[in-house]
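These are the structures, in structure tokens.
Both complexes below contain chain A, partnered by chain B and then by chain C.
On to the complex of A and B.
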């Protein structure tokens, strides 16, 4: 089984984002594996542990992503491919075309895992575009994955606690979300081994792809936080009655 | 003149309320709005969708194939209808289903798509949407003869723009290739609205202490017709299901009213709810960070305050 995992290198979810020059960010903050991609890595590694084969990590990023790739390799993938790009933001269509080309050249893939969305650009569509580029069926928001011969039964969250049970044929693209598994913590020997694993560097230019740039970032704006809460005092009964009055009469958020 | 398509989400009650904001986002001078529905007769939706500006409601029908089993088939049908009606801007709802179908349409056509938009400028083809889990917004330019966007539920205040809507059926010959089949939908026994579409959400954190104790939030939510949310810690401890999690690795919500019970107020949690209109925090720790960045606070034991709140709300 040849499993690919598409991983994104993103700013730490707790880092404060400083906007530079209107549409760039200060990239000196700590970077991490995009959180949903951790579930993708874990599921690919478990599948290959069970069925045999290889897990290949694919990342599209600036070279600074190498540290994040080593962290990810300690979680079990056998090797990685880093497609070096210069831009901070690449739209989903271009991203998917590049990933598809790299995976097709290295593959063929039996299955591709990725997080259901990246934590920086929150595009929620690269899995679908990758599936379309490689002519594979796609399911995202996957919380359960049971492989069988040539296909898998998966469960997908559709809101309100409801789930769809889906049968999907291999090769396919699976968008992982929280609930799919518990990602492992790497042990020291895994971290040491990860340092020696093969990371192939590919320059985007060498792929000779014409980028569409059909979505462009015009500018970024920081989102201001609310100021301090108005504390409603008094006994529990008094406070609650006053809160209900405010919500109903002043804020008009209650019927 | 812009031909705007709006993909409408329906459930057993008909057109979901969350669509009104999407319809409002699509309105504008010279906009011809065509609403697409599936699995419901167009005539059943003309009154409500006409009120929000739809000049036509089109039922998409699949000539005998079971649409409910195949999201790719639904997307294919939408693509055919978009061509037929010369749509140049297609709107949808950023719900679990909406963002899935719209991403399939985008992938199959190669058209640009922006998900989870907070506002849209149709003429300029720009949208504003969150980046970096709500820590910034990004203004994006979408370039193409067809562009797509989904709107965050409750992000846009609904506004009526009444016209008389016509009704028609559109069908095209597409079949399911069988590579992806929805076998079954597992229902949720609570019957409460999904948190990402709820107008009112009451959320609990670690201090709830058990899954049973979440019922006090459930009672309050039921009194309000709202939904119950949970913090990441509460979900990880098994007090609540992941479908209830609000925040970075959970859902993003934008209700009118968000009541946070026993939450400290982490950056990751705020990423999921900071666009709520009013945020109320209930916490027994007066120094809890959440009080620094919400609208109203009650300092007290949630096991006393929440039942008292439920009682006060029941007396109207």
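On to the complex of A and C.
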């Protein structure tokens, strides 16, 4: 079984992001594996542990992603492919095209796992576009994955606490989300082994792909900080009077 | 048979010689087996055997002087009496053994003066053993403290010892009523004389007297031989093991954790998983334990109903070690050895392992200097590094430390936000500052920690100290990851800090947290950063003494002080905070909590417990808060942001109204 995992190298969700020059973010912050991709890695590794085969990590990023790739390799994938690009934001259509080409060249893939979305851009498109590019069925928001011979039963969240159960045949694209599994904590020997695992570097140009760059970042703005919660003290009567005053005078939601 | 017939003496000599050689042979066989077992383990010794003169001095004070054991006064005094008394009768018993083989042997006739002096002392000291044992029996049958193992073993030991002493006295009592052959026993025996009179031995026929002497000779000799055979297989092995164990104890209060070479690609395992990975000193620890339970009495985990008892851990390890002795000695397949941490057959269950707060109460009180934490912390390392098996909630904490260098996962970029509105300089702007203040994670991000940091900043400013902080360059000091077994993550933090510190070469480092203090002072030198490190309690005292801070005593109500484990037991710092509080408060010295100084109970936060769930038993912080509330003080003062948080929660849960402050906050109120 040959399983691919598309992993994105994203700024840590806890980092304080600064915008530089209106279009870029300060990339000196800590980068991590996009959290949903951790579920994808874990599921792929579990699948291959059970069925045998190989897990290949595919990342599209600047070379700085190497540290994140090593972290991910400690979680079980056998090797990785890093497609080197020199921009931070890449159109999801182009992303899918590049991933599809790299996986097809390296593959064929029996199954492709990815996070249902990347934590930085939250586009939620790559899985679908990748499936389309490779002519594979796609299920995202997957919270349960039961493989069988040549197919799998998957459960996906469809909102409102409802779940949908789908049978999907291989090869396919699985978009993982929270709840699918508990990603493992790497053991030190795994961290050490990961340092020696093969990471193939591919230059984007060498793929000879026609890219559209149809989506461009024009401007970045930081979200204004939410004002802090305020605790209104005093007796109930005082508190209510104060609340009304705030709603009327400060927030101006009452006349 | 005539008592004086040569046939009698020859027969006796043969029997005594055979018994003695059999007894001693068996004893030495058992002891050499234990030594072989001790040397069969493969763990690396983690300490240097140096400073021999100091070590001998420790033996002098703690073994011969019995000082350590008397830290628990009544049992300690009883032990001292038993120790000296038992020791005192040994030469006499030895003489009896020789006399059994060669009856004319008599030290009394060789050195009458010296012998008489010795006998008179041994006679009294021997009796003190009975007094001591009497107390022991009272303690075991009436007081019955929970921490004390009260099994057959203890009863056997009391029985053996008391029979040896009683037969010593009665044997001597018979001497008092028999011909003296030129040595007047009456001059030397006080207690034995009472036995003689009490038993009315003088009224016995001569044959009766000789028979009695002979009977008690044999009772004494056989009991000693029996005891000797019994000792190596019992907890009384401490008689032999405690002396070397105390000799090899860490001489300094400060004890850095063992550095694991995480880069070593040859290493097959990290930390401590199996019995054969113990080092010989740790096996000696196991031999030295007498199950006195002082550690268990101290342990905050045991006290709050957790499944950890340091005593049980040591005892179970010893049982497992002895049960697997042949495998260890033969050095064959170690894979059959039980794991040290195993819910079914280990010396520790997982819950027990993670219950430890590393407060070091156990090591501190152990009369034979067993190093419990060397085992617990190494076992944690194995669980995290080799098995990825640890409390689930720690995974997020580890990720936060790894990604944002603090356990809560606040942005590393915001590390200096606590002092945004203050004029606190950064090291990168003032690299020559006199004091590099290592603020710490709690001091940088956590509400009560920030309060403390702001108080320290205010005091430093008042005192005109030329200081600076690292801001974004600072990383978590590594303590909590290290004590949680994540040596890899800890070293990641430590190495980053070491590089930063070495770049600035600070003249002195100030910390506002005992955990930063302990790690920077005692463990950073292991990684190549050796600087003078001072905790704010000591530093504030210096500022006050130098007249840079003026204390204007105020009415602060009744104060009490809580000793942080990592200031007190780990670094011996007890006095400065108390002296400062006495200066600050018009009402004088702070009240002491029932358990204070090195007996203080942990707040429950150490050993990364701050970040773990506490679901078994009662909460340690709640228990400690109750102890503090029992003083009737208005405010409990700590010198650690984690203790402050734990107390705030504990007092709230206990329905108390006591205030919680850090020493820096108290001082800031009264200093100008």
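Following the convention adopted for this analysis, the second predicted complex is superposed on the first by the 230 of 255 C-alpha atoms of A that agree within 3 Å, B and C clash if a C-alpha of one lies under 4 Å from a C-alpha of the other, contacts with A are read in each partner's own complex, and residues count from 1 in each chain.
Keep this in mind: a residue touches a chain if its C-beta (ideal position, glycine included) is under 8 Å from a C-beta of that chain, and two chains touch if they have at least 3 such contacts.
Please read these numbers as outputs of a predicted model, since none were measured by experiment.
When both complexes are superposed on chain A, chain B and chain C end up sitting side by side without clashing.
When the shared chain is aligned, chain B comes close enough to touch A:230, but chain C does not. Vertex at the C-alpha centre of chain A, arms toward the centres of chain B and chain C: the angle is 110 degrees, rounded to a multiple of 10. By the touch criterion defined above, A:210 lies against neither chain B nor chain C after alignment on the C-alpha atoms of chain A.
In the superposition on chain A, contact of A:29 is made with chain C only, not with chain B. Comparing chain B with chain C, the partner in contact with more residues of chain A is B. Once the two complexes are overlaid on the shared chain, A:221 sits against chain B while remaining clear of chain C. Judged by the touch definition given at the top, the superposed model places A:16 against both chain B and chain C.
In the superposed model, A:185 lies in contact with chain C only, and not with chain B. Overlay on chain A (Cα): least separation between chain B and chain C is 6 Å.
Across the two superposed structures, the residue set of chain A contacted by chain B and also by chain C is 14, 16.
Residue ranges of chain A in contact with chain C, taken from their complex: 12, 14-16, 18, 29-30, 32, 182, 184-189, 191-192.
Chain C meets chain A in the complex at residues 262, 265, 270, 385-388, 390, 392, 395, 398, 400, 403-404, 409-414, 488. Chain contact summary for the complex, chain A toward chain B: residues 11, 13-14, 16-17, 19, 25, 35-36, 91-93, 96, 119-125, 127-129, 131-132, 137-141, 143, 153, 155, 157-169, 172, 177-179, 212-223, 225-233, 236-237, 239-241, 243-244, 246-247, 251, 253-254. Residues of chain B that touch chain A in their complex: 72, 95-97, 99-100, 103-104, 106-108, 110-116, 126, 129-144, 178-190, 192-197, 200, 224, 227, 241-245, 248-250, 256-257, 266-268, 270-271, 274, 277-281, 286, 290-300, 304-305, 308-309, 311-313.
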